[in-house]
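Questions regarding the structure given below will be posed in turn.
When the chains are written out, they are named A, B, C and D in that same order, and each has its own residue count from 1.
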């Protein structure tokens, strides 16, 4: 009997170990929007809640790796320490707002061709480690629906670049730009520049965190 | 008999003088696009041709007053010399491209609130002289139809400001921005950034000069 | 006796009238730095105090006409209302910081050639009314003495333009740029970017208001 | 006799091999200025000539690794392929002009803190391979000597950052900024913005290539 118990306990331990080994590690890699995603009401926290509701939260570990002000080359610089060192199974990249925005505010945005070059270099390094990579278009710099937000043109240009990158690298695309525009066309009939999915035109409010969590969840776990 | 001839000749001279006095003077006031409008295939020349075809060209004098690189405050600075000194009956103002464009290229665009202030000041001075003022929205900086021309957002913003200025000052509006977008949606299915109505995304090609002449003619002479 | 009193009173009235007529009106025309000049410790207030100490304050009326964010073309736009309407004898123009600074912060600075054109137009209008015009170079955007303030190069360029304008128009120059650099070379051995003559690199602190009042007083009232 | 010849030939081969092994490989890593350094009259070619004159050219291999438009993060991105893959003994880094210049021209310069971060990352990777690293301050964007070149302030700021980086990392400094200013103070009494050491204010003319070759030679081979 004692032997049986020992055997059983060893068996359970193995199952548990095997479960632990199967736990998928997902790193969310981005700027201040992602940085805020791990807050109690942030989109990463919400995705965790959704996994819990499905009873599969033990299968996944969600890690936030967002830093305010980051542009694509900042991600490249810190990817060894902040992403690869964590041996993730999945990486969700969400970057681009600052690459466009900082052109206007600091004169330090990112050239379109270099944006693409660094983005491809990041994906290449991740794919080399057999990491599954999801990439996102930037959601918004201003929520007006009539394309009169000052940086709409350039943001659309970089969103188009990202769609191409996704296609060229066989990365599933999470088209937050399209989602945001569609959502605003329905819910922002007053053509306001903030307050629908964002607090300030860029950073997510509650509705924004919900909407982003929804589209990410349905894309990543489908 | 001699007396009769003299009387008749005096009478004809008076009629002629009165005709000359009734000739309406139209000044086209703007930037490089307007500057090119007086070339043989330019839109001002074309409007002149259209007046000729109707046989009313003797009733109008068309004057080009465009200077390359001009922004709204440049128009204000030179309006005494280049517009008021010519005692026009009608002024057609077309400005705004450089106010947006030069933000990116030279760091010397025009703030939105000051754009409006100078525009209103120009109109006020013209209206004070009982001059009829037509105002135009800027047509394009890039002809892509998916709102991914880099400066689309800001250009749309300034176009919206101009529509408000027109409404506030009871100035007939010539909405070249809307005309250009509509035309491109029909004729630019390849989403090219130039070559539809412009040579370079900004300056008019033949089709552009025709299109602008058409909408101006039908608005001014309706 | 009654006649004598009447004569005396008439005489006093004449003297008073003549005094009033002789009171020189000085308008300080500029941006936020000038706007703050009329505060209790501002440089315009201090110049007033210096005139009082000399017992000649009744001979002068000092008027502040500074508005925050103004560039040279903003001065041109409002000079009829804010300067000419006040029939000044003397105008002190101090502008240029925003023409340089806003290139970086908003993309809406002023091109060097247009800066000169508007400046000359302002002076021409003032001289046409026989108003004496003093012009100032911009003091500083950052107080470091080793020419490593980000905008030093462009600010020096615009200061050089203003020195030429002064020379071309026979306007006495108040070289605040030179004064500020000289003062800092003596008093800012730590190469700090603010806190010597300014609170923030641009706007005057107490020492700055004193230094500006001194150089203006000695130039205007010499 | 045959054995002797074989032994001799083996011996010579060994000497040759050992010579080859001792040949020091120097990579010049930078932007368009370095890219042009390998032209017949470029500074890298001249350094090669100087080594030849000293009869030590067989001891060194000089490799140009400059690409036009490069900023510090572009160097970081391509350093594996273009520098480390060549197993250099010495790397001479010359970068910074575009990090400052592109703020004005494209809105895509480099933030000062990120400039430093990427620069340190490059040096760290090179030092980890026991590569000796020389670093250079950017020479000029405009050659005027009165600090009125538009970008002088920012360029001086980045030169100061580089001097700190050199000191912090024990990298010998080649102070091209100081050399250029000193040279111009002597030879550019007319305060011209180009034509002394550069063709256009940035890229080296003959005198510039000579001056840069001289200071690099004397620093690297002292």
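Basically, a contact is a pair of C-beta atoms (placed from the backbone, for glycine too) under 8 Å apart; a residue touches a chain by one contact, two chains touch by 3 or more.
These numbers were taken from a predicted model, which means no experiment stands behind them.
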{"item": "Shared interface numbering between chain D and chain A [over half = same, under half = different]", "value": "same"}
{"item": "Angular offset of chain B relative to chain C [C-alpha, multiple of 5 degrees]", "value": "180"}
{"item": "From chain A, the most remote chain by mean C-alpha position", "value": "C"}
{"item": "Between chain D and chain A, distance of the C-alpha-averaged centres to the nearest whole Å", "value": "39"}
{"item": "Distance between the centres, which are taken as Cα means, of chain D and chain B, whole angstrom", "value": "53"}
{"item": "Distance between chain centroids, defined by C-alpha means - chain A, chain B (Å)", "value": "48"}
{"item": "For chain B, residues that touch 2 or more chains besides their own", "value": "103-104, 107"}
{"item": "Of chain D, residues touching chain A in the complex", "value": "73-74, 76-77, 102-104, 106-111, 114, 117-118, 121"}
{"item": "Residues of chain A that touch chain B when the two form their complex", "value": "103-104, 142, 146-157, 159-160"}
